[in-house]
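In structure tokens below, several structures.
What follows is chain A paired twice: with chain B in the first complex and chain C in the second.
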Partner chain A sequence: MPMSVKTFAQVDEAARALAASRSARYLGGGTLIMRAVNYGDQSFDTIIRTTDPRLKQIAQQGDMLVIGAGITMSEVIANRETAFLAPVARTVGGPAIRNMATVGGNLFAASPYGDFTAALLALDARVVPAGGQPISLDEFLNARERNAGLVIVSVQIPRLRDVNAFRYVKVSRVKPKGIAVMSIAAVLPMQAGRLANARVAYGAMGPRPLRALAVERALEGRSLDEAGIAQALAVATEGVDPPSDPIASDWYRRQIAPVHLKRLLLGQRR
Partner chain B sequence: MIEFRKEYFADERDDNLNEIGKPTQRQDMLGHVTGRSPYFDDHLFDGLLHLKCLRSPHHHARIRSVDTSEAERMPGVKKVIRARDVPLNLNTLLSLMDFGLDDEPMLADKKVCYVGEPVVAVVAETERACFDAIAKIRVDYEVLPHVLDVEEAIKPGAPSVNPTYPTNTFLYHEKYDHQKLRFGDVEAALRQADHVVEGRYQMSPIEQAPTETCGAIAAPETNNRFVVYTSTQALFFSLGTAAKMLKVSSNRLHFIGGTVGGGFGGKVDSIHEPMAILGCMLTGKPVRYAWDREEEMQVGAPRGAERWYITDGVMNDGRIIARKFIGYFDSGAYTRLSSYAIIKGTGHLPGPYTIPNVSSDVYCVFTNRTPATAMRGFGITGVDFSIEAHMDKVASKIGMNPIELRILNSYRDGDMKAHRRLAKNTALIECCQVVAEKAKWKIGSEYKAMSSLKGGGGERALIPAHTAIDQKGMVRGSGTSSFGYQPQPYVPSTPTFPSTPAFPSVPAYTPAASSSPAPGAPERRPAENAPTPSSTYNPTPSQPATPVEQRPAVNRFSSISGLRRR
Partner chain C sequence: MAKKPIQFQLNGSGQAIFAEEGSNLLDVLRRGVGDLSPKYGCGQGTCGTCTVLVNGEPRLSCLTLAETVEGQSVETTAGLAHGPQLHALQHAFMDNFAAQCGYCTPGMLMAAKALLDRNPSPSREEVVEAISGNICRCTGYEPIINAVLAAAQSGGRRYG
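After this line comes the complex of A and B, so read on.
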């Protein structure tokens, strides 16, 4: 069956067209969907895309940083507003991939992809679907399969009081851009030398990016030193469900998670 | 930074040669760095058709039926190619050198033996149309038990992978289920040794992963010829293979190659050219057959897995007096080049050391895995890793400096190697000395004073007076039938092919039914009975039913490879 491409000027039209068809897929940057096309994927015959400029905006709105879903990793790196996310974007693929891969597409990328989404999860981001209300990224990811029919317009990131509170590491065999063994993103706000409301998220440690809730609880009120993080390291793999894939086994990912979490929390360079 | 140690072997070397020892620019470098080198895929034709294969999803399955009727009616589909459309649907690459039996079909007919084995080929106007048509082909498989481990595969009762070699082992020298090397008496020496050190080593398959995936474009040319642009690393192998499988004279095939976008051994198998030409013959149009990345990784033949068992007999002073190898090469489902790799590897044993008693049994084993082929130094790499890991183990066991152990046992100029060639231009001692120096690893002054040029030859140049030989692994029926060779070998100069295939579709080898554990099951003389010839087999070489002298006068592979009996 020949492939058809439908381009809409408005994201809402694209969303309606996607909802109306069972054999359509929405194209963000195309790094995943075009690979499926090239390999003759029989599950869809229509590609829907939009040229809506709303998807290409980066803006501060009140206490929120809004990043359009069509913003590419290269644009994240180039833009001043998103500079704190540049180290994350830099770990997504090589230059050709980064020129195509989008923030919106990364939300749907199956494990072990989706490192950028893990960072957004730690940052307590919300996603804004076309024609709908913002929903928390936790909620969105928990029902990602059901949300596959959504077209995302943008993500909203609450303003960080202290940009240095955000930390991220991607563990990969090819550095920096290889497929993730795992990635860890954390927001570690300090109050009087104690952690308060820390958020920690993993990539490639489950079917989708996930919060390390046990780690977050264990860090509450603690200091960022060996003794303070000991309990967090002990529960580092609680609730994870790592894949066994050509990059690493479930066992290996579980073994290394506390090691990399420790380095991240203590700011140890490798 | 390269450092030349010119003080070594200065009198054996002429430093005033025009090319050797001088930096030379690769002839294709300018084209590569300017992006102008023409690869096979740069040769596009009007009306180019594409070819894609339906591949087996199973490790091992019988093909009950194939229904291509819906696929044939799909828009853009020009031809659906089945096994019966291939003029000669059984081949082995080294048949061009009369080594091994034809065992691999271009398209599977009765059964599939590995995941990704091609079953049906579709030629269509676009790759997309190929994929869409393939999705409509219905294959009814009867899944069979499979075997993925070399040692499991040669146990009695294991699933028989390759119909040409029903016992899952390549047949060496028309006689044995393994390649033998015998030098001195290993078992006797092991009994005299102060220490016996055993080790087991293995290496996984390695994919060559070229940037340019394998492929070819074939197009009709004037004078009833076909022009073929190909990524092959072995142009004349590919030409000969295509001529044989398509039953056309090689002078009708105009092969153009020479620019390879990365090969590393993965582009010698000549899979694409015959298929692309066949598509071209059946449609009259230019046809491109190229692997996508997934096919390159899953179906492209890798360096095969190897498993080695090494047993050393070592004296307290560090001299290794015996070394025994048992090796298993995982050939995958078909032969390709593992059979040859074993011959090459056996010539290398026992590594760069002079050991007076050496024996080796190496098995080329068929399993339900992707066929394995060439890759940079194949046949040597795995066993060298094993040998050097084992040297460290020996050093640790007897409490000796591992570099001194290597120097002590190094081969030297004039020593007899286990394959009965004198060693020359040896340099292991000097390498060890420099490595020790660079790694700041202390070695004794006596070891620093040793040289590859001194202490070799003499007694060490002699072939042992007694070499223990045995008939273990003799295959029943070998030497008395055509199992071990092809009665009418392919002769490349023959201008036209006979109308009937010159190759038996089923090898003449038939296991003796009376003593078989199960119908069609492997028939192998058990190792424990090895010294006693069985009543049904007469190993006396003077009485084969088909005398060696009456065989067709062709180049035996063993003479080409330099391993002829001397």
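After this line comes the complex of A and C, so read on.
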């Protein structure tokens, strides 16, 4: 199908053009949209992109770390401000994919992709659309299909008091690069030896990255040891809806979730 | 069908061609320029045989919108040898029998070149990581890893 490409210098112009067209898609790093083009996706005939430098910024703004939507996984790995996210970015694709795939694009990656977004979800990130107010990532993901009409400028991550409170694991069958059987990201803040306001998110355990709310509730006020996390492990798969795909079945994903959650919470090496 | 002019450097020489809007870099290289060294494999970013270097960094040409390389430098396997003088990696791939059916080879070579250009003496783990986005369906990974290590030991650019 004949395709047209519209490139805008300003992200706001790109957002208006996207909103005005029913048959346009927004191109970030290309790993999702160009794949759709290659496979003959007939649902769009216009590619919209922007060269706006705002999308390529990483900055501390007050209590927020702001990562431009056009920042690639390689740039996340290379930048000092985002060093704590490097272990997450490194699990996305191989080197060539990491040079292309962006933080903004990962927000829209269909399951079992979207490991970076699972990490952002645990970190309580907010999504900033062009010309709009920041929205919580929870809320953004709940209406992700509708939000495909938005151009994302950046994500905002509240500053972590203790970077070591952030943990992440991606479970895959192939090393060093493999698609997720599941991924788990957690922020585990401790107050006087007790967990307070822990956030746990899963990737590849539903149609989109999701919070493990039952796990979070079961961890509140507990200590990070075998006895303290027992209840959390018992409810590890509450609320999940894992896909059955060529990587793993729904059943298998449910079976391994508590195993990997336990290792992550106790800081055990795999 | 609308065509757009694109200018870029390919293996050090200037290219100016008209490409259909929305076409990917691999199509432009193969059909537009006639450089048949990068291969079409999966078209979805899984196999890595279309890997080229853009400004020295590996990219998947089948997922790269062609017009985004305007003014950039693109390298393909066709640019590795200088006349009859093969690149160290090409020598090492031959010496180590690293090309079995050969379909993944151009992608492997470019992924390995990107590694050696910034890290002339990589560890085995670093080689494995560098080619982790490239699938060899003959599963001949060991000879490929050995070849990249051998090329590094030979001094990397000595032949190039």
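Here is the rule we go by: the second predicted complex is superposed on the first by the 269 of 270 C-alpha atoms of A that agree within 3 Å, B and C clash if a C-alpha of one lies under 4 Å from a C-alpha of the other, contacts with A are read in each partner's own complex, and residues count from 1 in each chain.
In this text, a contact is a pair of C-beta atoms (placed from the backbone, for glycine too) under 8 Å apart; a residue touches a chain by one contact, two chains touch by 3 or more.
For clarity, every value in this text was computed on a predicted model and none was experimentally measured.
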Clash or fit, chain B versus chain C on superposed chain A: clash
Which of chain B and chain C A:Lys177 touches, first, second, both or neither: second
First (chain B), second (chain C), both or neither touched by A:Arg49: second
Partner chain in contact with A:Met3 - chain B first, chain C second, else both or neither: both
Touched partner set for A:Ala201, first chain B, second chain C, both or neither: neither
Touched partner set for A:Thr31, first chain B, second chain C, both or neither: second
Partner chain in contact with A:Ile97 - chain B first, chain C second, else both or neither: second
Chain A residues touched by each partner, larger count belonging to chain B or chain C: C
Contacts on chain A seen with chain B and repeated with chain C across the two complexes: 2-3, 37-39
Partner chain C, residues of chain A touching it in the complex: 2-5, 7, 27, 30-31, 34-35, 37-39, 47, 49, 74, 93-97, 99-100, 176-177
Chain A-touching residues of chain B, taken from the complex the two chains share: 52, 127-128, 130-132, 134-135, 292, 294
List of chain A residues in touch with chain B within their complex: 1-3, 37-40, 42
Residues of chain C that touch chain A when the two form their complex: 1-2, 4, 20-24, 43-45, 48, 51, 54, 57-60, 62-65, 67-68, 111, 114, 128-134
